[in-house]
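Listed below are the structures to be examined.
Next, two complexes with chain A in common: one pairs it with chain B, the other with chain C.
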Partner chain A sequence: MSRLLPRAVLVIALVGLPFFVGKFHVSLMTEVIVFALYGVSYNLLLGYGNLLSFGHALFFGLGAYTTAVALNHISGLGFFSAVILATASATLVGFLIGFLILRQKGASFALLTLAFNALFHAMAIKFTFITHGDDGLSLLRPKINLGFATLNTPDVTTFYYITLVVVGAAILASWYFTTTAMGTTVVMLRENEERMKFLGYSTSLTRLILFTVTGGLAGLAGSFYALFFSFVSVDAISITMTTTVLLITFVGGSGRFTGPIFGALVYIYLQNFLSDITDRWPFFMGLIFIVMVLFIPGGLVQLIEDIILWARVRWMPGTAEAGRES
Partner chain B sequence: MNASVVFFLHGLTYAGLLFLVSSGLTLVFGMMNVLNFAHATFYMLGAYFSWTLLRVTGNFWLSLVVAPIALFVIGAVVERFLLRRVHVLGHVHELLLTFGLAYIIMESVKWIWGTKPLAAPITGFLAQSVDLFGIIYPVYRLFVFSASILIGLIMAVVLFKTRVGIVIRGAVDDAAMVGALGINVPVLFMATFGFGAALSGFAGVIAGPLMTTFPGMADAILVDAFVVIVIGGLGSLGGAVLASLMIGQLQAFGVLLFPKFSLALIYLLMAAVLVVKPSGLFGRQT
Partner chain C sequence: MSILELRDVRKDFSKLVVLRGVNLSVSPGERHAIIGPNGAGKTTLFNVITGKHQPSGGTILFKNREITRYSAHARNRLGLARSFQINNPFFGLNVFENVRAGVRSRMGLRYSIFRGPGALPKTDEQTWEILRQVGLDDFAQTPARELSYGRQRALEIAMALSTDPELILLDEPTAGMTGEETADAIEIIDRVTAGRTLIIIEHDMDVVFSLADTVTVLQSGVVLVSGAPEEVRQDQRVKDAYLGSD
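Here is the complex of A and B:
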């Protein structure tokens, strides 16, 4: 009961959101959901699998570019076909790159992913005949024909609901993934890889599957990012986009499933707020980064849990132990 | 023929700068296991400090001494008051800290000096050109290259011929063991980090008059420096020398031969090296 109630409230709040707030916030929430999936995919890699990557924007950007290029060049391509194409291409590239570089570990692996990201970023700038370089690509969201009704995707609220259902389903699937045997294997990879090898697990296979899956999830997020803005520029595949996901994951709390979801919410709203009042928002982002690392290394989720625990101990001494278990 | 010699010399100049930046990065990584994302912003700060000093005093040699000292202090403070506090949390957190720091330094620079490229005029004999076997070449580029060779030689002597060098090399191999032998490891870390920042700042000072001083200069060299330390092997000074020379030449001739793909070339070289030897040319096998 105590677990079901907050979830029901969350679902009702998300579904009912467009009835209570204006278009501006519906639009921002759509962005939050997209970045939440991006963060969740990165958290699976870093927080669960302990694989530090500096190249996650590669998959995000690849998904975004695939969507834009496919919609511009294949006439009559449907909404979901474009999304599936983008996810598939990011998954495939994730598999190929993972196959090449997963022999490396730790910092070398991180640097290699950075290099691949830089390579794809350079390609996005240079291959102007596909990507239009710095000018970027614009696209039109195709309408979805369900047979009995047509969804008017350019509408902000309609697109919010589509994002909520599709991207939300991907986030739920990621959560389900963490509860499966495969998900447990990933956590074992983080906790003690040597021991896992002793027990007969193929750790390199686990890593490859994880890298491929998270690449695909980031590609899906990237695809919705392109559809959301109806525009893709080299920003989508830049190192800055990788920094963004690092920030989202760490501000929220890495290694906890809900961390990056909180992170995305705070990041998107904070970025909007700060870029409204100051041109120097990267300065404050950097400051927040440092303050978080120094004082709240576990992220916002950790902070919230600490506050709840503190409140329980303070006002309901008897229930504190029960609260710790859940 | 003449053109390729000029490009070769250009490559050597860039290799010199790259070595100065990446040697500090690789030593800090080898010793403290910290990938310092703010390292290239120290290089940028060096260039901006020097530009300001040149405006005020007009003395290039003074800025060549003062700016690295200032960066040594900044580096030491960063290590002592920021990095050391998060050391217990593991290196992902240390890395994130340097990430945030890079953001702050970058924005502060834009704030103080603006985003426009600044030219630092060089005067005296450094501004002239010499006749090198029939090729007219600017003295300043030769100066950049010789200065980096000089610094490299001094570093080699200190590292391989002195007691301090033994301690540093020992700490790169196994910092905990060096600590157990009675060396004050925290002070050593602080000094090494400051020294790496000073080297990077020195490179920035001499890079200022060569290329203009602008906020994008940090990002431009950061990725190249990372590629250098991966190819050379993390923690290896000799590897940094060789890889800097390779990347310098590749950048110079890449622009000449394949202007469209010059960016991709260095990553292809890195991929090729890693396929053959995953730990880098001089890296320890892990």
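Here is the complex of A and C:
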């Protein structure tokens, strides 16, 4: 009951959101969900598997560009076909790059992912005949024909619900991933990579599967990012977009499943709030990032847990221990 | 016929030569102790046998198959497992998950994204069985890092057993234990490795001569002598080089 109740409240809140808040917040929450999946995928890589990548925007941007390019060039391409195509291409590139660098560890792994990100970023700028370079690519969200009804995707609220269902399902699938045999194997990679080998596990294969899966998830997030803005620019595949996911993950709480979800919520709202006040909002974002990493390494999730525990000890002394266990 | 055979196995780390040509033969079911002074190359020998390091030269045969260039995980899957001299579990995982990692690996459930880690029949039963054997069943849910030192040593043995190996290599399983703890640990090791081939690195001579049926003395990266415990005890070279100076 104590586990079910908050989840039911969350689902009701997300479904009921458009009835209580204006289109502005519905739109922002759509963006939050998209960035939550981007963060969740990165957290699986870094927080669960201890693979530090500086190239995650590559997959996010690839998903975004594949969606935009496909919708511009393949006439009659459906909404979900574009999303699947984008996810598949990010998964495939994740597999190929993963295969090339799976023997690299630590700093050399991180730098190689950065190099691949820079390569794809350069391609997005230079291959103007498909990407339109710095001008970016705009797209029209195709309407979804369900047979009995047609979903008017350009509508803010309709698109919010589509995002909630599709991207929300991907987040739930990511959670399920952490409970599977592979999910435990990934945590073993973080805890003691050497020991795994002497229990019959190939660490290279573990890394490759993880890199491929998280690449695909980031590609799906990127696809919805493109659909959300109806536009893609080189920002989507830039190093800044990698920094964004690092920030979301660390501010929210690395290694905890809900961490990057909180991180995305805070990041999107803070960015929106700060960019209204000052053009130098990345500076303040950076400050927040530094403060969080230095003083609350467990992130927002840690902070929330500490506050709940403190409140229980303060107001309900008898239940504090029970709270710690759950 | 031998289960493990080393022919002229050498290992050097750039200029430092650790193994200078080790020849060793271990028969199935043998309880083989490796002794020798610090720096003799005992742990390096284990690392070369189990695939942590590639040998610089020579040949390693396991069950008559050449495994000299095999990766560590491939060797484990053939039925070769080890423990470590310094406690080396998955510190953030609980005791049960540490042991189940090997049990499910043996059953082929390593990377599935559709099934849970305990999805295959008997996985959990076998894990509990191993935990009971080493006396860790009351600590199944305890994170490995919160175990006492002695129980972490027991977990080392449990993890080495978890892939149900034919050949098990224990690197100083009693390191850091008192005399009494050592006696208990050896009794457990003797029991849980019954029916398997055992190679053990051990410093306590009482343990070596009570447990082992074959003793190999390693010195400066070569085998000084290898044979029955009494034979080795009486060997003048061993007395001079090792036992005498103790």
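By our rule, the second predicted complex is superposed on the first by the 326 of 326 C-alpha atoms of A that agree within 3 Å, B and C clash if a C-alpha of one lies under 4 Å from a C-alpha of the other, contacts with A are read in each partner's own complex, and residues count from 1 in each chain.
Going forward, contacts are C-beta pairs under 8 Å (C-beta built on N, C-alpha and C of every residue); 3 or more make two chains touch, one makes a residue touch a chain.
Quick caveat: nothing in here was measured; it's all calculated off a predicted structure.
In the superposition on chain A, A:Ile209 contacts chain C only, with no contact to chain B.
Shared-chain residue A:Leu199: touches chain C; no touch with chain B.
Of the two partner chains, chain B is the only one touched by A:Leu111; chain C is not. Comparing chain C and chain B on the residues of chain A they touch gives the larger count to B. Of the two partner chains, neither chain B nor chain C is touched by A:Ala13. Residue contacts after overlaying the shared chain place A:Val21 against neither chain B nor chain C. With both structures placed on the common chain, the touch criterion links A:Phe177 to chain C but leaves chain B unconnected. Across the complex, chain A meets chain C through its residues 177, 179-185, 187-188, 190-192, 194-203, 205-206, 209, 213.
Across the interface of their complex, chain A is touched by residues 50-52, 71-73, 76-77, 81-82, 84, 88-93, 97, 101-102, 104-106, 109-117, 119, 159, 162-163 of chain C.
Contact residues on chain B toward chain A in their complex (touch as defined above): 29, 33, 35, 82, 85-86, 89, 91-93, 95-97, 99-104, 106-108, 110-111, 219, 223, 226-227, 229-230, 234, 260-261, 263-264, 267, 270-271, 274-275, 278-280, 286. By the touch rule above, chain A contacts chain B in their complex via residues 46, 52, 100-101, 103-105, 107-108, 110-112, 114-116, 118-119, 122-123, 126, 239, 243, 246, 250, 280, 282-283, 285-290, 293-294, 297.
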